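Dropping a structure here in structure tokens format, bear with me for questions.
A, B, C and D label the chains in the order they appear, each numbered from 1.
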């Protein structure tokens, strides 16, 4: 929480100022590396063990997702607040996963066939 | 991460869009968490995943990744208030969106033709009870994602028309673009989880 | 007048003990809080100067008393957890050696109880069933396989301090040991449709020999 | 009230973009919903105490009616009254004016969110009139029951048959309401961050603005998985999928998890705004700074994060893994600590203060007293997992959550009404009838809710239409407790009419306020005209001080408005 920020009503800053913008990353390089990662994903799926595929694929998805977030959505240049917001969303999902895990994965349902 | 830029310097539309995106992550994330945990539980879902059309899914992923690139180029053009380029990139994006929806409908058509429907009546008749839920998840997740694609495309179209006609509000291109990227990220997670793990 | 229904199970007293423990602690805490709220209201703090009022409100550093309050509550809290941990493990997480085994099945809107047949095993063809009446022997470890047929129900035996939701498609095994003979109610505590209010059963706790006679009677039918 | 004479009725009540008007629209809509919820409470309480009697204004209550009444009472009060009154009304009315700006960041989005809210109300009310009757599956909507038709087993014949059921409509109504509140929440959040008056740093914001924002963000994240889950339940009902059908690999417990994953944070979403309201009132009327502003803030943030890790204490006996229950029990017990800190800080604000015991102050003190002494402390019984085995799904739980929600939601809202009414309307509420209303509510609320504890301890399980068939629940004092609870509840409901008449009468012909700042408060809303004009301030204020600088030693009078140098 900082106290010495520039003041003013929001109408004045609703339209971003020029200096609000940052140096741009080279979008083409990001795009090409996304495609390469995607190719790896598709080829990784040929591995016969589903658990290995799952882990590889999930990690690569996280990398790809964060690349889009960081460079295409310019999260890298956004203020901490946005990071906090997204972090809270991830924290929510983490708690949900931890809470659901024992009740979904480790329960073998006792299936009675419904007549 | 920029710790120096103060909180108030985020333009309000962008801030609201980020909050919306965080909320959407909680919705789609919840679905993905539920699907993934069930996927770990039921190995027989791998068999069902083989019935998905991986080639169509791959093309669709390429289309969405490319459209994300187009949107970001449109944002770059919008910064320079380059009307023609904004129009071009957004139209390319919209074509991508239509292509995506077209391929998706093609997939749906063929899957339904093979009896893999949302309630999975045919599978039930074959005695494959658990497997029906794979298709329920498949249609729920891709369907909800498809609705977001439609919404994002409409938003991009109207924002673009407004910006190029009135020569102002170019920053809205970025905001609608953020939403489009969110749709892309969701697909980045959905595609491998649904199609690729056999 | 008693607060709880009469206790008839081996662990009922433990559950009641936790209640009285917490009640004791919060009675003391309530008296303190009531004093803390009423004292300033009744006296209106007339003698304080302006400076004192302002300084006390601004006294962020002088939070020691509040930290003390939180610490006391924390100690009380963890004492509860310390006390209830073993009880919880005893009731919910462990199963003592099986002496009697029954299935309790909830369905809209009755309770269906299944006992092992003459071969002494459940889930075989000669199992016998009763509706809305459960016969149990006294002082035996009873394993109950709790199941539901259609929607979520909840087995609630107030006199045994026993409660467990039953879910369709899941078999939850819990135990109970009745210590007194008699007839006790078994109710459904989870809303399960229009007949929810009428869903009740009786538990008849019998002496060992009476229980055997009763079983023999059931086999004959 | 008379600031917008030039606008017609339609404009003011349906198309206004002004945040004060939208807040007022929300308020009137919620009054309608509360009347329905209160009427339902009256009917089933009467039925419980006098089961053989025909309830006046309703008639004989069947089991089916009873289930429908309790379900919809719960849904309306939790979703439409508590969430709506405290997030939508308080947030809409107070946030822009307290941070010194003209309106919300997105006025059109604000109007849209009200319309979504209105649609949700219409859907909810129309769900009562479906062919198979209202929704009767409990407000928690546990699936195998909420997918079907509550036990009639009248088979659905077509999609139309499935769609026009109370189940679908209630779920749609809730989804619409969540979307409305999500839009509202994003709006509050952006408004607070981007539109504060010059000089108003984050730590100079009044407590309630913080609380509503924390609540909005908490709501935004916890509701996400439930929206997904509600979508799945809608498909289960209407499309025949099997997400919660165990015979198809689904799991009813999944819904319980998703519901309470939202449901527990929701309790804090509801609790935080009244804590903010109480902070304002207590500090102003104690004429001294709020004790430990940053301390309260930090504790609130901790509690908000913790609140996402405790949800399964609603499910101790629902068949979850008992070891997981232990962990949730520990977190539940831990979450009582930050709230103890907050309440102690409020009490510390009373000490050494120059107390003015006026109406808002009475409501505020009544709220903390009941909430702490009974609502909060009885939470320990239920958080301790062992006793929860017995108390779960009995009237003990009902009494507990009425003691947490009623003091915060109802007392908190009334405190706010009596405090801000002058600002809102430019007129005063009648003090005598205000006092009568307070004491009747206070006494008869206790008379209604306290016997439920005793009934719960005696083993009275919830949601039972007729206790006569349970012998152990008809032993001697228990029917008497039920009657005491019912009579008190009826008087409690009747005494709210005093408030309603007082409210609308004062709105039209109450005494005009003599001063714009009757409580001599510091915050910005009191530094403008009453009622505030369109745009709120003639000159946009510049903030120099924190919100709670009372009895500042350098000043002659005992308050220092935020915009005074």
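The rule we apply is simple: a contact is a pair of C-beta atoms (placed from the backbone, for glycine too) under 8 Å apart; a residue touches a chain by one contact, two chains touch by 3 or more.
Quick caveat, the model's predicted, so the values are computed rather than measured.
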| item | value |
| --- | --- |
| From chain B, the most remote chain by mean C-alpha position | C |
| Contact-richer chain pair (by C-beta pairs counted) among A-D and A-B | A-B |
| Distance from chain D to chain A - Cα centre to Cα centre, in angstrom | 33 |
| Euclidean distance of C-alpha centroids - chain A vs chain B, Å | 13 |
| Mean-CA-position distance for chain C and chain B (Å) | 47 |
| Whole-Å gap between the CA centroids of chain A and chain C | 43 |
| Shared-contact residues (touching 2 or more other chains) in chain C | 168-170 |
| Junction residues of chain D - those touching two or more other chains | 105, 193-195, 202, 221-222, 224-225, 246-247, 249, 251, 253-254, 323 |
| Chain B residues counted as touching two or more neighbouring chains | 7-8, 10, 12, 15, 19, 22-23, 25-26, 29-30, 33-34, 38 |
| Touching residues on chain D, where the partner in the complex is chain A | 101, 105, 193-195, 197-199, 201-203, 217, 221-222, 224-225, 246-247, 249, 251, 253-254, 257, 261, 305, 308-309, 311-312, 320-321, 323-324, 540 |
| Of chain A, residues touching chain D in the complex | 1-3, 5, 7-10, 13, 81, 85, 88-89, 91-92, 95-96, 99-100, 102-104, 106-107, 109, 111-114 |
| Chain D - residues contacting chain C, complex | 63-64, 66-67, 136-138, 142, 144-145, 148, 150-152, 246-247, 251-253, 283, 287-295, 317-319, 322-323, 325-326, 329-330, 333-334, 336-337, 340-341, 344-345, 347-355, 357, 365, 368-369, 372-373, 377, 380-381, 384-387, 389-390, 392-394, 454, 457-459, 461-466, 469-472, 476-477, 548, 550-553, 558 |
| Touching residues (chain side chain C, partner chain D) in the complex | 1, 3-5, 14-15, 18-19, 22, 26, 29-30, 33-34, 36-37, 39-41, 44-45, 48, 50-54, 56-60, 63, 65-66, 69-70, 73-74, 77-78, 80-81, 84-85, 87-88, 91-93, 108-109, 150-152, 154, 156, 158-159, 161-170, 172, 185, 187-198, 200 |
| Chain A-facing residues of chain B, complex | 1-3, 5-15, 18-19, 21-23, 25-26, 29-30, 33-34, 37-41, 43, 46, 54, 58, 61-62, 65-66, 68-69, 71-73, 76, 79, 171, 178, 181-182, 184-185, 188-189, 192-193, 195-198 |
